[in-house]
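Two complexes are shown next, each including chain A; its partner changes from chain B in the first to chain C in the second.
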Partner chain A sequence: MIHYHFDWSAVLSGAPLHWIVSGLWVTFNLTIWSGVLATLLALLLLGMRLSAYRGLRWISACYVTLFRNTPLAVQLLFWYFGGLQCLPGSWRDWLNTSHQLGGVHFPSTEVLVGVWALTLFSAAFLSEEMRAGVRAVSNGQFDAAHSQGFSHWQSLRWIVLPQALRYAWQPLIGQYLSLMKNSPLTMSIAVTELLYQTNQIESFNLHAIEAYAVATLLYLLLGLLLSLALQQLGKGMFVSGDLHVK
Partner chain B sequence: MLSKLFYYPVIVDNLSYLLFGRLAQGQPGGLLLTVLMALAAIAMAMVLGFILALAHWFSPRGIQRVLWLLGEIVRGIPQLLLIFWFYFLLPMLLGRGAPDAVSVIVALGLFNAVTVMVSVLAGLNALPGGQHEAAQANGLNRWQTLRWVLLPQVLDHIVPSMVNLLVALIKDTSLAFVVSVPELTMVSTQVNNREQIYPLEIFLFAGALYFVLCSLLSLGAGRLERRLNRRLGLR
Partner chain C sequence: MIEFKNVDKHFADLHVLQNINLKVAKGEVVVVCGPSGSGKSTLIRTINGLEPINGGEILVDGQAISKRARPAERQKIGFVFQQFNLYPHLSALQNITLAPRRLGGLSEDKANAEGLDLLAQVGLVEKSRHYPAQLSGGQQQRVAIARALAMKPRILLFDEPTSALDPEMIGEVLSVMKSLAHGGITMMVVTHEMGFAREVSDRVLFIDQGRILETATPQAFFKHPVHPRARQFLQQLQSPLHLAEESA
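Then we have the complex of A and B:
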């Protein structure tokens, strides 16, 4: 400890700085893409859970239990080693060669598997928070909507869901932050996100403390910005006092 | 027939390694190490969490703010980053290498200690004010009030959530595979690297072990909670 020489330029200049910036960009993208996709999947799971068909309810409940009671690490390895193996050979070859898509690099196989695993894992947690929100909406709201001639789906979509999402918004923000904080696990399948790049600096010039300090600050900052953005989004979606989804 | 769909011999051949690691050589691993690490981490989380909560309870506002800020930092960064912090810091602080499993236990223990601190404080604040006043009126000092009146009530409410914490910890110990601690996830990747062609079987089996362990504990937690609530006359 005594012999450690702090040198912030070992982290904040040259190649290490470049790695950190690119890692931050990958982390940001992992979070946004998985977040959006997981939200869509969570809504689908919620719809199935609230449907009139027992089979759909059962599938949704099993999905949630299964994905919540196994570690993300195992899920990630399962998809990376097992899932890819199940794809037809020609698909794997296509994924493993680089492609251009409208001038942008098509994401690597590792990034795709990372987004896939994060999405499936997070959707289970998001849909449970949403369901808790639906339970907080009084049954009278459903009945009232029915009596006004709304169908089951219409009352869910226009009456119950907007209120449920408003009740569940704070816990949902927590889940999105968890998603961001879970994303470094993808470094284990060589996704070059922020923590992966931080480790690379450590093995490059051994300045572990500075590198981890910078990563810590960046993750805190990213979390703060994400939570502020989601609070703002919530304010936009749920006009204060009134229940209204744009 | 079944072995075509799910090649179970690969599990049978590696079963004792997946469950116990190299226990015979004196190095517990696999599922056993997963459970041991989770138990060690929850013990640390409980003890440290209560100490932090007490420190918070008896501290002036300034120190309370500092504790709160530290908690926010620990819970605001990825657990994996916390593991790497201890992975590199512990040997520097101790002046010698520490077993990798220890840095993971310390990181997970610290992360969850903050959770315990927050729930103990929330429990204390949720108690009706009359409890505090009645104890003081009976001549108990601040520490006695906390020790004999407030904490026992908080403890009753916290025990079921501690089982949930243990479930979360069992899953979170899997992060240790990133620093090559031979717990269940790590030994699964080792078996997968050796066998090469049965990743589905191996990771499904590992997932199933976690699933059964976590589901049983969750079920137990639900029962415990109902029993405690009945005893407390809540439901």
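Then we have the complex of A and C:
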């Protein structure tokens, strides 16, 4: 420690700065894309879990059990080294060559697998939080909706889900933050996200303290922004006052 | 209008409705009373399929209600709950317009106009933008009645509509119900409000342990209840303390 020379410019200038920025951009994209896709998948899983068909309920429950009880790190490696092998050879070749889509670089195979794994993993948690929200809505709400002629799905869509999401909103924010904080695990399949790039700086100039401090601050900033944005989104979606009836 | 034919309903081992036979004519107001756990709420919940029946059949306008009433069948039967069950995430007006808009295909403007008319009918136009949590119990129940009317039902079912209310709010709800009854809609009302039964109903139905023990005009029922259980029930309603002391 005595011989350590702090030099922030070793991280915040030149190639290291470029790496940090590009890593942050990848982390940001991993979080947003996985977050949106996981939300859609979670809604599908929730719908299946609340369905009248036992088969669908069973599939959804098994999915959640499998993905919630196994480590994300294992899932990532499984999809990257195992899952990709199951694809037809021509698909793998296509994925492994670089492509342009409307002037934008098509994401690398690593990023795609990263988003895929984070989506499947996070959806299991999100759907369980949503289900807890649905259970918090009283049965009387279903009764009222059914008595007016809403079908099961219409009741969920117009009456129960808006309330359930509101009950579950704070825990859901926690899950989206977890998703962001899980994203560095994709480093294990060589996704060049923020932590991957930070490691690179460390091995490039040995300024570990500055590099990891900057990475920590950036993760913190990203988390704060994400949580703030979701709080605002919640306020926009749930305009009325207290949900609890007197 | 509403006809029960040998209707049976079980909750596991409990036989909640036993061979119910009943006809309610168009425009008739029937009050259902009986001790708690007698099956009176279950009876009216079966009419719009909130409780599926295990035997017999229920006809509404000559059409059998399927075991689990289809959504379209339910639209024409309004239901008012003891706990109001308003949608807490929607304003009073939105509570009323949701079904006409989403199920009836009404435009927002048309649905709002009709919704405000209904709110006027229950005396709450000025509360249209309020959320349920901002309304008193009596006001919530009046909004719930307006909501039950939104799909223009031919039948209104009430499940103890005043039981969850503070005494000073019961009157406002009963008065709305009374004006509806005079408007000619068919009503079945589960209630302990014997004043309402006496004044407004055409017929009183006494039910105990899943059986209809007595049906009579309110005059006859309150003056000369025939069945011993009905007599006991009425005495209990009139002087609960007296009876409790007697049995102690």
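Observations on the model:
Quick note on the criterion: the second predicted complex is superposed on the first by the 241 of 246 C-alpha atoms of A that agree within 3 Å, B and C clash if a C-alpha of one lies under 4 Å from a C-alpha of the other, contacts with A are read in each partner's own complex, and residues count from 1 in each chain.
Note that in this section a residue touches a chain if its C-beta (ideal position, glycine included) is under 8 Å from a C-beta of that chain, and two chains touch if they have at least 3 such contacts.
All values derive from a computational prediction rather than experimental measurement.
By the touch criterion defined above, A:Glu202 lies against chain B but remains apart from chain C after alignment on the C-alpha atoms of chain A.
Once the two complexes are overlaid on the shared chain, A:Ala15 sits clear of chain B and of chain C alike. Of the two partner chains, chain B is the only one touched by A:Phe78; chain C is not. By the document's definition of touching, of the two partners only chain C reaches A:Gly140; chain B does not. By the touch criterion defined above, A:Ile159 lies against chain C but remains apart from chain B after alignment on the C-alpha atoms of chain A. In the superposition on chain A, A:Leu40 contacts neither chain B nor chain C.
Ranking chain B and chain C by residues of chain A touched puts B first.
In the superposition on chain A, contact of A:Asn69 is made with chain B only, not with chain C. Of all residues in chain C, only 48-50, 71-75, 77-79, 81, 83-91, 98-99, 102-103, 131-137, 140, 147-148, 150-151 touch chain A in the complex they form.
Against chain B, in their complex, chain A makes its touches with residues 1, 4, 65-66, 69-75, 77-78, 81-82, 85-86, 181-185, 187-188, 195, 198-199, 202, 208-209, 212, 215-216, 219-220, 223.
Residues 138, 140-141, 143-144, 146-151, 154, 158-159, 162-163, 166, 238, 240-246 of chain A are the ones that touch chain C when the two sit in their complex.
Across the complex, chain A is touched by residues 73, 76-81, 84-85, 88-89, 92-93, 95, 167, 171-172, 174-175, 177-178, 185, 188-189, 192, 199-200, 203-204, 206-207, 210-211, 214-215, 218 of chain B.
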